[in-house]
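Let me begin by presenting the structure, written as structure tokens, before commenting on it.
Per-chain numbering from 1; labels A, B, C and D assigned in written order.
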Amino acid sequence: MTQSVVIQVGQCGNQIGCCFWDLALREHAAVNQKAIYDEAISSFFRNVDTRVVGDGGSISKGKICSLKARAVLIDMEEGVVNEILQGPLRDVFDSKQLITDISGSGNNWAVGHKVFGSLYQEQILEKLRKSAEHCDCLQCFFIIHSMGGGTGSGLGTFLLKVLEDEFPEVYRFVTSIYPSGEDDVITSPYNSMLAMKELNEHADCVLPIDNQSLFDIISKIDLMVNSGKLGTAIKPKSLVTSSAGAKKRQEKPFDAMNNIVANLLLNLSSARFEGSLNMDLNEISMNLVPFPQLHYLVSSLTPLYTLADVNIPSRRLDQMFSDAFSKDHQLIRADPKHSLYLACALMVRGNVQISDLRRNIERLKPSLRFVSWNQEGWKTSLCSVPPVGHSHSLLALANNTCVKPTFIELRERFTRLYRKRAHLHHYLQIEGMEESCFTEALSSLSALIQEYNQLDATKSMPAEELPRLSVAV
Amino acid sequence: MGRRRRRRRVDPADAARALPEAIAALSQTLPAGPSPETFRRAKFDRPEAAPALWRLLFRVLSPQLADGASASFSPEAQVRSVKLALRTQGYPRRALAQLPDDGSQGGRELLLALAWLLARGPLPERLLTQNRVQLGDEMPVCECEALASPGPPAPSVEADGCVDIRHLQWLMGKLRFRWRNLMASQQEQCALLGKIHSYTRGCHSDRSLGHLSVTETELLRDPEGGRQLLQRLERENARLQAALEWRRRELVFWRWMDTVLGACPPEASQPTFLPRIPTPGTGALEPLVRELQALQGELREAVEARRAAWEAGVGGRGPEWSAARTALREAVGQDLAALRQACEQGGSCSLAQPHGPHRLVRTEAGVAGGPGLRAPEVIEALRSQEARLEVVLRQLQGQCRQELARLVGAPPGPVWILPPGR
Amino acid sequence: LLPCPCSQHTLAELRDALDSCAERQRQLERSLRVSRRLLRAWYADPGTTRLGLPRAVRTPLSDPGPACIPSPQDLKELELLTQALEKAVRVRKGISKAGEGNKAPSLKSGSIVTSPATRASAPPRTSHRAGSRASETKPPRGIRQTRVPTKDLPECRLLSVGDQACMGQGAGDTKPKSGLRNEQIVLSAASQAPEAFTLKDKGILLQLPEAFRKAASRNSRLRRNNSRKGQSYSRTQGLSMTRMQSGWPGPRLSATEVEAEVRHLQKACLLLRLRMGEELMADPQDWMQEYRCLLTLEELQAIVGQCLHRLRELCTGEACPARGRFPRASLPCGGGADPIWSPQLLLYSSTQELQTLAALRLRVAMLHQQIHLEKVLMAELLPLVSKQEPLGPPWLALCRAVHSLLCEGGQRFLTILREDKPAD
Amino acid sequence: MSIVTVQLGQCGNQIGFEVFDALFSDSHCPQGLCSKRENEAYQASCKERFFSEEENGVPIARAVLVDMEPKVINQTLSKAAHSGRWKYGQHSCFCQKQGSGNNWAYGYSVHGPRHEESIMNLIQKEVEKCDSLNGFFIIMSMAGGTGSGLGAFVTQNLQDQYSNSLKMNQIIWPYGTGEVIVQNYNSILTLSHLYRSSDALLVHENDAVHKICAKLMNIKQISFRDINQVLAHQLGSVFQPTYSGEGSFHYRRNPLGDLMENLVPHPEFKMLGVRNIPQMSENSLAYSTFTWAGLLKHLRQMLISNAKMEEGIDWQVRPPLSGLPTRGKMSLNKEFHFNTSIANLVILRGKDVHSAELGAFKDPALYTSWLEPVHAFSVWKTQRAFSKYEKSAALVSNSQFLVKPLDTIVGKAWNMFASKAYIHQYTKFGIEEEDFLDSFTLLEQVIASYCNLGF
């Protein structure tokens, strides 16, 4: 079995990470009742004998002693990390996994990338190597960060290059939180633009997520829950937005949103559990990335909650599939149905069979548009273990030109600032930053947009059969 | 022989008994041989002798049939089969072919045909070899019989004429599968033989063998089968005995046959019908001629070049040279004697190698056993033979490739995509 | 479609090859059936037929009869053996189920406890043998799978008529083996309890029936005599045959004989070509060798000439049976002087060796067949390629098939693409 | 003679388990409807082919399990062990930690060479357990990465190392859509490589089996297990013992050899399909009776109309009148109806099997013009009923049935190839565009050859 290491960078990254570890623990606790350290748990956790002093206490089999997250926590401010270390999850981490500073990156990509990057490179590498050593077969790094800030965006993308050089065989899956339009960070267009170039070049897969979409989803759930009609009918602990159903809602504003992302990551790595059609992480980029640069996957998660009624009529099951393609359920503001699919993956968990999957694909296919050379671009998986609180769930990943508007909007916001050269000096004063960094980032993103444009253009062209090799006799 | 003949002449009483005894011996040697009386009657072309002789000839000419199997052929079928077989073997008398198919006539003609067959080769011995009771587990160490055609090629039954070349490909593929199946069966057979031999080690009273063969073991396991085997063996012994007897007395028979021949109306002495050469025969002749001619050409070229070079280089030498020359000539003569013999007489069989069936005996690896061929030697010889043949095959295929490339030339239009090499 | 004569000829050749393979397969199957039946009866439960696993066989010999069995009773004894063999595994199972101890009371009554399995681990009689046997049967499955309860007993307790003492006590290699074998050896009359035996031991106890042994030795004697006689027969016939055939046209070759001759000449041609290749490849070191090489080539040239001459005779139909010998088709494996009558021995030391030998033999035979077919097909098909009008689809199809058959041994095939479309 | 099975990848291992389970259940089925003696011989023959026996009497499948990730193998091993009836050998599996990620190139060029020695050693050990090796079953999917890529690699190695043994690849043809996005690439690479190294490709189409589950087995929510069980049933109906010949009561020793000699001698025609009849849920079986005439009539129509199951057969399809030039080149564009065969093998099991009349399969119009029915048709029989079916028939057919699916796959792959999509994933591991082109060329030829059967 393979293992993955989660690298959470910056405030946003660490907050999401925190939710992720909480959920992951609960998921494994629900599946693994006997508290035996098995291969499924091993993919995200080490089992450590705490009585052994030092570092050599990993136990590969037997009872669970003390679980340690396979994670590296990086922030250039102490706040969030300290909070985690004082919270309920404190036992899952130890100080050897942390890298913190006190000064912060000041919402400046260049500070995160250039200053802290070179300052902490060795230290970060050291921790990464250590975490890799603890793995039997390291398959994937999950990087969680935001695009708009300084540390997550700058240092987070700096990491990508380091990882690529140091661990070329290990996949780099990046969960990037894109800023909303009315973002309070003024320099976020610069930061995002500069980060985009790094994502373009050094990530295997990027799952773009924007805060606004998460917020909309929460509002919708709130509406449902509070409308009274459904309130009691919703099965406890089944909301994708809460880490613990009993907990008082919305202690922190971002908790619910972060939980959605945490759920996304857990479903993405469902190959930890057995199923009749496994989908390993390495299959994701293989199936969904037709060209190296086009590795941005739009994701959606359904159902958002489960009704307490245990009998799921298949209509409800089919509803789950329909929802996954609707605009409202995307974790980024995008409408895949009205754009062009390059490829699509459906990762199903729980009590769903291949025939359900096939029926729904057949049903939905006519309403979707696929690129001419990939008319049947479906990848599916069946994992028999559902998420906690659910009987079944679906994660849809789409390589779809519908991400293009997000990028275009980002470019526009960037151009607006850049035209005025506003705040540019904050960046240019950093060693190693030059104007060319901005222009190169801009052309990189433009090239990407252009690629999507070209694909979109094929939408209107009639599908033609290409002449095949012609055999004489 | 001469001595024996004199002795016969000395004792006339013997001579009077000699003919029936000779015929009896012959008859006993052959499968389903009739009584001497039948022969006597056949000489006078009595119809009652005919059926027995047809049967006899049928058995003689289809030796591969087991004892019971011939009964399944109707008399007519037997007669026709005999006529056909004799014809393909080149039997010259037309009278036989004109006999009715019901097998009611032709005693004397059949007698002549039998004599003709006897005169052509060691018929009794051949029959005794072909159907001999095999006691040991045998393996021929030569390739004389290996995968040879099991009998005379059936006269082409296929009336459908032309075939698609894909049909040939199909048959070729089938052949490849059969080879592989043979290989698998043979491996299994060897494994089983090895087991039986090692389990029965020490069981055989013949110390040079040491263990039992399959037949012998089966005999132990199945007393009833053993009894039958014993009977067959005894029958064969009787036939062998008779064969010895026949050899001693055959001269009398031939003299008698002369009188039979004398009683026959002579046929036109013209070659009435040439042996019918079946298509595979003629087909094989032409390419073989070409092949030999090509070989001759290549040799001539090589020889001429070398002789010229030789004469230009070392041509004249002293008297000591002529002695060496003679010695060399002799050495080469000896060297190629085996090859020459092989070419004249019988393929690879007559090479100095051992051949014929050998009884398999399992021995201890380290023990210096008694007489007998050792497997590693045979393996060695086979390996080199295999390597040589593979070279030949590759050469032939290469030749075909070149020839095809030449014929195809470089026509504009299609592109040839060869299967990728591995 | 191929033209008729070509079809007929190639078809006939291929069918011939197929038939000969099928025939060989049939022969093999026959003997396989016998061997398998033997081994099954030996060590397997006839019900579930544990094919292929050597097992120790143990059986009760309820009453082995009088101490000295005269040869007329051999057959009766054999019947007993067969029954015993059939019971063997059932009893063996019973023994192993009932536990190890209670079924081995016959320690002093001449139990023979060797088995293929135990022999490998606990060598009977001759210890050096067992060692080599263990190494020759590669995976010694029996060892792992069979537990013979009486393994620790003295391996061999054969009791001969004259000598009631235990022969094999302790080290077995001192025992005079052949002496035992030739005597009548039976179990002690006292033996009433179940005992184990192997076939080997049975074989010693129950030799091949005397009548059979006599017949067999008579058979080989007769064959030897016959073979000696066989050599002189041609002269005997020489005289009368000429008379016999005076009224007939001269002896001609029959079709089968012509065919045999042709086949033989084909082989000769192959041998000659091989030899020529060797000679041309040789790199003479001095003038002696060079001269020798030249002489060899000349000699080869002469032999080829003779072959050609003979072949021309065959072509014109004027061939007589070769000088001084009878058509070689008349006897299997060459002339009548061959020692076919009493087979010589071929010694092998392990199953693997035997398998290698057999596989190589078959491989060589196949190569002969393949080369022959290759030549036939070359002769028939290549002219067709040159004759047909090029570039039409039938011609292309022909080329493809011919290429596959002649250049790839019929295993692989090429593709012909039209060039009017781009290749990628 | 014994057959060694190599189960590769998730699909191969899941199916392998069901196959052995089906073989075992059938041979121990009390409803064999034949004498005890006969039943024992049947069992013995089945066991010799597919199982070896251990000391404690539990049969051990002659199988090697290979996967590049451990989950499925662990699951398979424990399922077999829990059944208690048969099991896998203790040391007969090989797995690694990380799969091939649906990348054929990774399976073929990375996993293959890296683990060649270990895998071949395992196989050799299994081979040594056989007194006599008949050949190999290699069970694999062609869509994924491990089964397809590593499977192709292993098959090639088997061809090199056991050139005289027979190799039959059981290939699972992916759903037309929705399994793996790069399945068409993986498929053409697999097929073209197997065409060079395997003797026969026995193809099972997921779509067809799925339909059988829905229509004949009446399963509402179809799982992979259901599909695999139908598939295992089909394989069992072919490879369980049958008599070695007409009138013989010996069981066939060399099923693979006999099958291949009859069906796949031509190097361009190696694709086989299986059809079987009847196929139904156990509940319906209890209320059904069959006649040989009825079964064979349906089976024949299934063959000529290219129906995968007895439901929905097009009865309008008739063989072309022989002699008329209707048997022209099969056109892929036009809807074609009649499925021309190269060769067929019918396997009959059950009561009164001797009375079954097979003349309808010997009609020359069913076959390509260059093979006579006498060369193209063969029958295997046994009186022993198969898996609770009083009478059942299976058909292994080398015919045009796969031309369409193959053409579709090649076409889709070609479309994708023309846009160069996903190619970088393959070149990363050494499979170049040239290799793709080789594969396309070979398969276009195979398609053309099957289409040209009538010529």
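Basically, a contact is a pair of C-beta atoms (placed from the backbone, for glycine too) under 8 Å apart; a residue touches a chain by one contact, two chains touch by 3 or more.
Because the structure is predicted, anything quoted here is derived from the model rather than measured.
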Neighbouring chains shared between chain C and chain D, ordered by label: A, B
Determine, using the mean of C-alpha atoms as each chain's centre, which chain is farthest from chain B. A
Quick one: most central chain, C-alpha centroids? D
Distance from the CA centroid of chain A to that of chain D, rounded to the nearest Å? 41
Where the centres are mean C-alpha positions, what is the separation of chain A from chain C, in Å? 70
Could you put a whole-Å number on the gap between the CA centroids of chain B and chain D? 44
Between chain B and chain C, the Cα-mean centres are separated in Å by 17
For chain A, residues that touch 2 or more chains besides their own: 468-473
If I count partner chains per residue in chain D, which residues reach a count of at least 2? 131-132, 196, 267-268, 441-442, 444-445
Note the residues in chain B that touch 2 or more other chains, in rising order. 163-164, 166-167, 169, 171-174, 176, 178, 181, 183, 185, 187-188, 191-192, 414, 417, 419
Which chains touch, pair by pair? A-C, A-D, B-C, B-D, C-D
Mind listing the chain D positions that touch chain B in their complex? 1, 131-134, 156, 164-166, 196, 199, 254, 257, 260-261, 264-268, 368-371, 375, 438, 441-442
Listed in rising order, the residues of chain A that touch chain D in the complex are 1-2, 39, 136-137, 139, 271, 274, 276-278, 280-283, 285-292, 343, 345, 353-358, 361, 365, 372-380, 382, 465-466, 468-471, 473
Along chain B, where are the residues that touch chain D in the complex? 163-164, 166-167, 169-174, 176-178, 180-181, 183-185, 187-188, 191-192, 417, 419-420, 422
Of chain D, residues touching chain C in the complex: 40-41, 43-44, 47-48, 53-55, 128-132, 196, 250, 253, 267-268, 433, 437, 441-442, 444-445
Given the complex, residues on chain C that touch chain A span 393, 396-397, 400, 415-418, 420-423
